[in-house]
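The first chain written gets the first letter, and so on, giving A, B, C, D, E and F; residue counts start at 1 in each chain.
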Amino acid sequence: MGVNSLDDVGTDAETVTASIIGGSGFTGGELLRLLASHPSIELVEVTSRSKAGKSVGSVHPPLRGTDLRFTEPADLESVDVLFAATPHGVSMGQIDEFFDVADTVVDLSADFRLEREAQYDEWYDGHDAPEYLEKSEYALPEINRENLEGADLIAGGGCNATATILGLYPLFEHDILDGDEQIVVDVKVGSSEGGAGGGEASSHPERSGVVRPYAPTGHRHEAEIEQFLGTSVSFTCHAVDMIRGASATSHVFPSGPVSKGDLWQAYRGEYEDEPFVRMAAGGSGVYRYPEPKAIAGTNMAEVGFELDPSNKRVVVFSAIDNMMKGSAGQAVHAANIALGLEETAGLEFTGLHPVGAP
Amino acid sequence: MGVNSLDDVGTDAETVTASIIGGSGFTGGELLRLLASHPSIELVEVTSRSKAGKSVGSVHPPLRGTDLRFTEPADLESVDVLFAATPHGVSMGQIDEFFDVADTVVDLSADFRLEREAQYDEWYDGHDAPEYLEKSEYALPEINRENLEGADLIAGGGCNATATILGLYPLFEHDILDGDEQIVVDVKVGSSEGGAGGGEASSHPERSGVVRPYAPTGHRHEAEIEQFLGTSVSFTCHAVDMIRGASATSHVFPSGPVSKGDLWQAYRGEYEDEPFVRMAAGGSGVYRYPEPKAIAGTNMAEVGFELDPSNKRVVVFSAIDNMMKGSAGQAVHAANIALGLEETAGLEFTGLHPVGAP
Amino acid sequence: MGVNSLDDVGTDAETVTASIIGGSGFTGGELLRLLASHPSIELVEVTSRSKAGKSVGSVHPPLRGTDLRFTEPADLESVDVLFAATPHGVSMGQIDEFFDVADTVVDLSADFRLEREAQYDEWYDGHDAPEYLEKSEYALPEINRENLEGADLIAGGGCNATATILGLYPLFEHDILDGDEQIVVDVKVGSSEGGAGGGEASSHPERSGVVRPYAPTGHRHEAEIEQFLGTSVSFTCHAVDMIRGASATSHVFPSGPVSKGDLWQAYRGEYEDEPFVRMAAGGSGVYRYPEPKAIAGTNMAEVGFELDPSNKRVVVFSAIDNMMKGSAGQAVHAANIALGLEETAGLEFTGLHPVGAP
Amino acid sequence: MGVNSLDDVGTDAETVTASIIGGSGFTGGELLRLLASHPSIELVEVTSRSKAGKSVGSVHPPLRGTDLRFTEPADLESVDVLFAATPHGVSMGQIDEFFDVADTVVDLSADFRLEREAQYDEWYDGHDAPEYLEKSEYALPEINRENLEGADLIAGGGCNATATILGLYPLFEHDILDGDEQIVVDVKVGSSEGGAGGGEASSHPERSGVVRPYAPTGHRHEAEIEQFLGTSVSFTCHAVDMIRGASATSHVFPSGPVSKGDLWQAYRGEYEDEPFVRMAAGGSGVYRYPEPKAIAGTNMAEVGFELDPSNKRVVVFSAIDNMMKGSAGQAVHAANIALGLEETAGLEFTGLHPVGAP
Amino acid sequence: MTECVECGADVALHDDLEVGEIVDCTTCGAELEVVDTAPPVLERAPELEEDWGE
Amino acid sequence: MTECVECGADVALHDDLEVGEIVDCTTCGAELEVVDTAPPVLERAPELEEDWGE
């Protein structure tokens, strides 16, 4: 009864083994889904302290019918690669134990994204294992592919940071921006960003139908963005009524003249060969610019722009699924590269149309 | 059967008579609802060409049970005040006929918002009755109360323009901005902004759950905003999943230093005595900044701000119900002032909690 | 700043004083909203143990700007009428204290809805104050108006029970059903039914977009329905994606032949003079049968039906706002009657169109 | 740029060629998505009269970046299997032309679902090609697998009929019901059931947040259900706020005593080996019974039940994605069987968690 | 493999099972308590009475 | 009436105010701690650092 894809995974010689810490959460559930049907990865264990012993389908209903059960983190056996989908602060405290379990660690939290301890002092509450910071590689292949090959410690990017960086990066690479300009990034996000926890503000009656400023200033993802773009951004986040999705609208003011041709050249130059970035900038029909619905459930990022000549402004739109390109998908993508697997393996799902608040 | 408030309205000597053109539409339906229970206005006729003869409740279900029926525009009798809730272009072509029907005309479209014919040439497709432009008064009392008293032709503000102007106006009045600064306005709007028409892009399957850039640049409301603030703004609109609501996030960069105290002084200075503006800027709990859910169904605007010292930025949030403060409510508010009625008459509904995608 | 309707309430001789226990919850918040603008009731105190000292607007954003603050239940002064909006079990334990505070008590919980202690043994966990059961009056005026006049203890009906009873009652009164027939009641409800508590199942990511069977059998509201209709019903509830609203579809199979005329006679006979029941049974346009959107935010119930001759079935639809007709509105309606006030006082709001997931 | 899965499809010897008529619609879009990544089917052409010449991604955004364009129906080349996703009435008028194009035709409309012309006279507006009725096979493998092998004309089931039949079928097969009992089927459906057309009732402002009775009686799917279960059902449909999904709650009253064990035996007996049916009937956690969110985007059906001893009732819940198991997925499943391909080929996607109004 | 007492389906159990452990049946979702381990015996676990928020 | 230290608006206070009590300003929502009662003196209450669920 059921397409038990988890049980069908082969175990041939070439297969890489993997386990997940934090598999009862939202991004851990996505990792579970992705790894369970990954052609070259065999999923071995998935931990949850609160649900240990229960079947994974009891938490993630699409997996109902599979025999896999959550285990305790302490019971993890050795595998090739360990994915951690735990809250900020957990991985930095247990990173040595993680490396006891696996030679390759992919961490989805913020714990290894920044390069220097000082950044953690400024933006977070310091760091427990700063010696790992210089060894870790940021998981976003579009800006860090070469360093991911063979990496031992991979730090999954922040979802809002990923959307923002993907939108702005070509403008810096192609000298349309040089870092001295005013950059306003106005982000709209879905409720899965908050994780599986719940709480009054994320209850259905209070959270439905909102356009709610949250983190109006001082959002921690600014640190990542600044690290990779080399400039600070004016960043504001809003919760809106969707479950998956992060959509960044970046308003930038290049100092010199810019044509649509220049913009296409910059974006096509960066992304033409990228398997998980797609352009949308005008055109016809209902979907003309990047939007979360168009990529919900997939690892695809959509990036596009419009020119506002009267204000000498370029508006950049970028949209990702925070659970995929913004976390679990990006992590699997990076792991594929690090382990020498097919880059797009396990990430081929193309998405649905029509789809609701995804 | 039913609380037939429409039928109960008294007709004493002090009552002002009113009719509505375009009552089968969304803003016309709101006018209908407001005027039907207005203590000093007697609603006489409501037109719809496509629904003439049908009861108003057949289109607007909360009014089911009332005996009022739509009539043809051609059959309008003389009244004291005529409200027009027709698409852009209709009123400018029929304004003389409107004044045949009533001495006071309140138009909800863009037809009489701008001051000069040249603005219509630039932003719209010209104007049919430019001689009325200098006679018309913009309906937003917070910036134009004194001129509304006794006004004959009132032009209801654009919904996105209203949200934006209310958010930024105090900064200009209190010299925190002087017009030379970069201003980015990032707006999120609900589906009722599009009117009752329908169409593929606004069908439920395609429109649900979106964060969809529309009017990424060159939005016509920029003209109104510029007219009242004296500076152009970098304006971008996004459709999000709600029905009512326009939420503007304005990112501004004052040239001099600004404290929270300065901001409070500016905003409290402008709005403390305003019956339909409320501040929300921090605090505790679920609702900390302006958001459409908090004012859905009411004529209230919420305005608030946050300081971003590291980027020398002020982020201003403003939220209105586009059907109320953004159109029908603003129109009734302005008419109350113009006709010498109690300013808040008919607009006292305080709103619901909890409420969904409002 | 703000239309502080709460502060404006007059205190003339005729005014009845009232307080609310449980004013930080959902139905308590509705009571607060209704009483604050009630023409003949002066709201004195509103309790919340967890929010004592905070302004009511910090929890219910539409009330922002009013000076009223939550107090501790222990600090309640004497008033004319006390409303309790506490979870099941609280009122039965404190009913004597409630009557120390006020001569009239209106309780929104299930604690005084049933007539006999045995029913509480069967459907709940027994009763602490069974001596009050025979003194209490069910708040639904459509079936119990005469007994409400002068009542001391009023028990607000369950929201799903209210929707069901209003739908089926005319069929029993007019002998279209006699109690021996199969009755299937399939209910769809919004998330505010669960109260302000929160929890994983009611978190936005898990609760959005659901059609989720909950209480598939054995729902406690069956007890109330059986008590008033004199027959048991096959009752199943589903959570759907709205915030306010309870919609009951009752499928009944009359033993004799029934025409549409018979049905109209039964329903018009019962409800023609009711201020808060409206019929919708066919017609044209988008809204043809009862539905929650049409009455969201109001105290109106919509009731309608359709005939299925090939299955000898009558399908009855009834829709209410669970926060209004299903709890707070019904309570105020009953209190108006009990206290000899204008029956519709404070309940005149007619609702919005269009409106989203209300 | 983009994972162009469509362009990557191999064309080895074993591949079956296929085309789609009506590929700009909702179910046609799903077929397109499924066939484009089907391991053994090569998609050749996709028609749309209104969008001929446009790329498929301009209508279905997840397919942006693929080179396939819509063609005119008249230009169809010969293929092995032709899928028609056109409105009711189109296929019956063109069925001979369809067989000119392909030896196997899979029609998603109602045109070939019923066995006898008389049924089309009763439930539809007659039939243009009644000679094909006895040749066609109903696509639902769970009740018709043996006849699908080698079938030339396959009729995709109705979405609501599919949900209902899957829920009730085991009760008839295992003699828990014999056809003389009262059966009430209360269905809740998403907006994609209405197709891509649009219209006022399905506009976002009017369709959001509804629980709207539509087809309260006399729904045409009753004909299919009756044909396969051998008894008529009392059937009522409600539109609710989701995009994908059909959820049927069937209330049945077996004449003899039934235990949970009997029910499990019946359901497990029928479905244990079915790849696309999964049970959910109690258990713990948030998702306990079938619901559309749990299977959104997949070809899985969830079926479950609860016992109501006090009313001698069994409540059966069944949930499908109307675009998948209810149409395109079912069609591909049936085609796989008819053509001797792997039964689950192209249908392996397991679904997402969390997911919104899917 | 042990049979679920609720639905009769086989329940896959891991090796180091302990008495008192709660597992759920992957077919019907029922929560089952391990009351013996050699051989494994499962009983329906006491249900938490759920408040459906009535 | 006492002035809010955040926004400057008047804060209406009840009579039996106690030191240490937290009230919120109905204009700006700021949480204020009562540090003296005769006359009332309000200070900004220590803020709970909110986790925005990043």
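Here, a residue touches a chain if its C-beta (ideal position, glycine included) is under 8 Å from a C-beta of that chain, and two chains touch if they have at least 3 such contacts.
A quick map from chain label to UniProt name: E, F = Alpha-aminoadipate carrier protein LysW.
Predicted, not measured: the structure shown is a model, and the values here were computed from it.
Counting only chains that touch, the fewest steps needed to get from chain D to chain F is 2. More than half of the residue-numbered contact pairs at D-E reappear in one of the options A-E, C-F or B-F, namely B-F. Set against the Cα centre of chain E, the chain with the most distant centre is B.
Chain centres were defined as the mean of their Cα atoms; on that basis the chain farthest from chain C turns out to be A. At the interface between chain A and chain B, two copies of one sequence, more than half of the residue numbers in use are shared by both copies. Remark: chain B and chain F have CA centroids separated by 34 Å (rounded to whole angstrom). Computed from the mean C-alpha positions, the centre of chain A lies at a distance of 34 Å from the centre of chain D. Each chain gets one centre point, the mean of its Cα atoms, and the points for chain B and chain D are 45 Å apart.
Residue positions of chain D touching 2 or more other chains: 26, 192, 196, 200, 205, 208-209, 241-243, 268, 272, 279-280, 283-285, 287-288, 293, 354-358.
Multi-chain contact residues of chain F (touching two or more other chains) are listed as 24, 27, 29. Residues of chain E that touch chain D in their complex: 6-9, 24-25, 27-31, 48.
Residues 9, 12, 14, 21-24, 26-27, 29 of chain E are the ones touching chain A in the complex. Of all the residues in chain A, the ones that touch chain B in their complex are 182, 184, 186, 188, 200-201, 205-206, 208-213, 216-218, 232-234, 236, 238, 240-242, 245, 247, 249, 251, 253, 286-293, 306-308, 310-311, 313, 315, 317, 319, 354-358. By the touch criterion given at the top, residues 1-3, 5, 26, 29, 33, 36-37, 58-65, 190, 192, 196, 242-244, 268, 271-280, 283-285, 287, 293-295, 297-298, 300, 323, 344, 347-358 of chain D touch chain A in their complex. Residues 26, 190-192, 196-200, 202-205, 207-209, 241, 243, 356-357 of chain B are the ones that touch chain D when the two sit in their complex.
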